[in-house]
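Next come two complexes, and both contain subunit A; in the first it sits with subunit B, in the second with subunit C.
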Partner chain A sequence: MTLQSEAVHRLVLGAVGVGLFLAIWQVIGTYRLAGMTWPPLTDVLAFIADPSKQGLFVRAMLASFASVALGYVVGILSGVAAAMLGQVLPIMRPGLDRLVAVIHAVPLVALAPVFMVLANRDLTPPAISALGVFYMIYVATTSGLKAASHTHRDLFTALGSSPTSRFLRLELPAALPALVSGMKLAIPVAFIGTIVGEWFGASRGLGLLMVSAMQNFQIPLLWSAVLIVTTASLALFGLMSLFERLVYGRFQ
Partner chain B sequence: MTETAIHLDRVGKSFALDNGKQLTALSEIDLRIGKGEFVALLGPSGCGKSTVLRLAAALETPSAGRVTIDGKEPQALSRAHRLGVAFQDHALLPWLDIFANVALPFQVAGRKVDDARVKELIGLVGLAGFEKARPRQLSGGMRQRASIARALALQPDVLLLDEPFGALDAVTRRHMNLELQRIWSAQRITTLLVTHSVDEALFLADRVIVMSGRPGRIIRDISIPFERPRHPSVMRDKRFHELVDELTLALEPEGAAP
Partner chain C sequence: MSGVRTFISHYWGVLGILLLWQAWVSISGLNAIVLPSPLSVVADLVANPAIYAGNAGKTFLVAVLGLAFGLLAGVLLSLAAWTSRLLNGLLTPLGLIFSSIPVVALIPILARLLGYDMRTEIAIVAVAAFFPTFVFVGAGLKSRPPGSDDLFNVLGATPWQRLLRLVMPAAVPNMMVALRLTAPEAVLAAILAELLMGTSGLGFMFREAAGRFAMERAFGTSIIATITAVIVFGLFMAAERRVDALWK
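Showing the complex of A and B:
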């Protein structure tokens, strides 16, 4: 009962916070408190809903979301694969750790132009997404694979477990909560990678829309693109939080 | 004397500490446990009694001497999936239900799960009806029962119990002792129980070994005379109380006795 009322309490507070934020946006826009470049929320929403703009937004969204999805999936698969490799072949582990740390230390923004000249320009957004997601997932999975308790490891040793059986029946399930947390945190990273990649001259996408709107002073268009990206990222993050709670309930 | 199952032959164990020093946990431990014998290892915490059990389970290797089970290295026993263990921490896998947890040894051994055997064991430890429950939904005592059922799943040659009831309250613990006594009397598996409870050791074991700490060594080896199966009334027996007093005294730190 108290737990439930606590959840309701938090939900109400959250709704009040979001409402306040949107109201302040609206007030600043309506009274031009921040100048001409801050439109009221209602103007932005009306712009997005305008039927003549639908085609433009849908094309850009499809391009960007496809990049986000591709980068996210590739990043997760390669991150999990690299972490498993380090677990199965411990001799690879220190090298992998260092390699991943070096990749992470290189600023993704600096890599974007290099990708642009190296690869297909439309592959740059998903590639940068994938790199960011890869790092996050590698770290989450390696720490997750260490999460099994000492007693559980002792139990498997005493039961005469093979390394494969130990990995599949103990280490992997014990790693799932950490992996899912990593997947949640990787959602905004995937979006950032795609948008940054698109800024550097992709042929389609919301990032491209933002840059061209900014350069042509199309203020409502710029805000619309930002609002769409933010909403999508937050919605997926929220979904993953729910999934995370489910996994924690089952695996911990 | 019957055939020896577990044999610790002048075993010593020392650990390297972080500061470079050596900690001698066990020295010159000589212990023979016969086939089908239930031996309780009693001692104050930190006396190395758990280390003895871990040596028998092949979770540690001795620094001196030799540990054998049926004449072979302990690893041979665990690799053949002939070893049953239960720890103070029940070590049930939280993502599996009770049935799957008790069936785990079959799967780890790469054998087909014997559903009837798993069901029978769950019934034996009094958890019938809880097959689909998750460990977190059960009480501490119920989880320990499940972990004992798991230890028995493959009909092991040797059962190693490391304070399996140490985290339970006194009432549940006594109840679990009765249950374990009943289960054990039906199967008579060679068993080594590590405990710091005198009552538990006396009620369950054929022989009680008392250890003292730093470095751990054996100071007492007492045969327990009570007939099996044992009834809880044994604990009100005069002889039982005498043994309790004797063992409690043996557990007192040297020099502390008046």
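Showing the complex of A and C:
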């Protein structure tokens, strides 16, 4: 009972906090407390809802979200595959770890020139997303694959299971919670990759919209594009948090 | 001999990529404007040390100053949240929300709000570092050794003594973790801010090189940016180790 009321209390306070934040945003914008470049929240929302802007936003969203999705999926698949390779062929492991560490050390923006020459300009955003996601997923999966306890491993071996069935029935399920946590943390990374890639010269997308709006003083457009990106990223992050809770309940 | 073997087992991936790069350039016979070879990139690095060092130094300064301000703000706000349950309830969810959005998306807004100069770049890095610090330090303030609260009660500590001698020291290791984790993002944010505003620093070099298709310069900047990021990360990792050794 007290635990429940504590949770309700926290939820209400949190909602009030977010409400206050939005109200302060509105007040600063209405009274121009931060100058002309801070519009009220209602202006931004009205700008997004304006039917004459719909085509612009839908085109940019389709391009950006397609990049995010492509980068996310490719990053997850290659990250899991690399982690599994390291698990199945332990001799590859040290080299893989170093390679992944080097990839992570390179700031995402530093990879942009590489993709600009290797790939089509419109493939740069998903490629940068995929690399960021790959790192997250590789780290999460390798740490997850270590999660199975030695006792369980010994039990499987004693009962005469093959390495393949041990992998499928013990190590993989044990790695799922860590993998799902990695997938959750990879969502903002996928968005960052796409935005950075678009800044480096894509032909359409929300990142491009942001930069051109910034340079041309189109203030409502700038805030709208940023609001759309952050809201989309947050919504997916929230969904993954729920999924994460489900998986932790089932597999841990 | 075994040294060579260890080296190959650790670096086969990295070496493979470098070889692929050189092979791709040699075999496909691409024009240097499109894809420079590793050798020509090194040549550009060696020929223009001043340009690279100056801009890298400036980016390094922006990243470290921004991290310092972000850390300070994060610690102050998490202390404020610690003193009041109400503030804590109001601020913690906001902090969590902001630390899980793609923070680079805020760069154009901040640039427009604050104007195109170096202070804005520092502010951008500070914002990127602030939210994770707030969340981590907030968690650290709550994770005190079991029984220590009772001990302070029994010994009759004042609230100030409790804050200075128990709560703040308990949060220091978390603060160092937050710094290490935000360091790579801080370098990225600094470079992106420079790229968008085109003032100076490594981000500006990217923009300038890409604009005139000087691919040697662009790749050289990538290498220097990576080294800068590694140095910043290494500095904070060393600081974290030092603090951990003193603290535990």
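As a convention for this text, the second predicted complex is superposed on the first by the 245 of 252 C-alpha atoms of A that agree within 3 Å, B and C clash if a C-alpha of one lies under 4 Å from a C-alpha of the other, contacts with A are read in each partner's own complex, and residues count from 1 in each chain.
One rule holds for everything that comes next: a contact is a pair of C-beta atoms (placed from the backbone, for glycine too) under 8 Å apart; a residue touches a chain by one contact, two chains touch by 3 or more.
What you see is a predicted model; the values in this text were computed from it and never measured.
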item	value
First (subunit B), second (subunit C), both or neither touched by A:Ile48	neither
Contacts of A:Pro188 with subunit B and subunit C, given as first, second, both or neither	second
Touched partner set for A:Ala112, first subunit B, second subunit C, both or neither	second
Between subunit B and subunit C, more extensive residue contact with subunit A	C
Set intersection of subunit A contacts, subunit C complex versus subunit B complex	none
Residues on subunit B engaged by subunit A in the complex (per definition of touch)	54, 57-59, 78-81, 83, 85, 87, 89, 91, 93-95, 104-105, 107-110, 160
Subunit C partner contacts - residues on subunit A that touch it in the complex	9-10, 13-18, 20-21, 34-35, 37-38, 91, 94-96, 98-100, 102, 104-114, 116-118, 188-189, 191-192, 195-196, 199-201, 210-211, 213-214, 217, 219, 222-223, 226, 229-230, 233-234, 237
Residues of subunit A that touch subunit B when the two form their complex	149, 151-152, 154-162, 165, 169-170, 173, 250-252
List of subunit C residues in touch with subunit A within their complex	8-14, 17, 34-35, 86, 89-94, 97, 100-106, 108-109, 111-113, 184, 187-188, 191-192, 195-196, 203, 206, 209-210, 215, 218-219, 221-223, 225-226, 229-230, 233
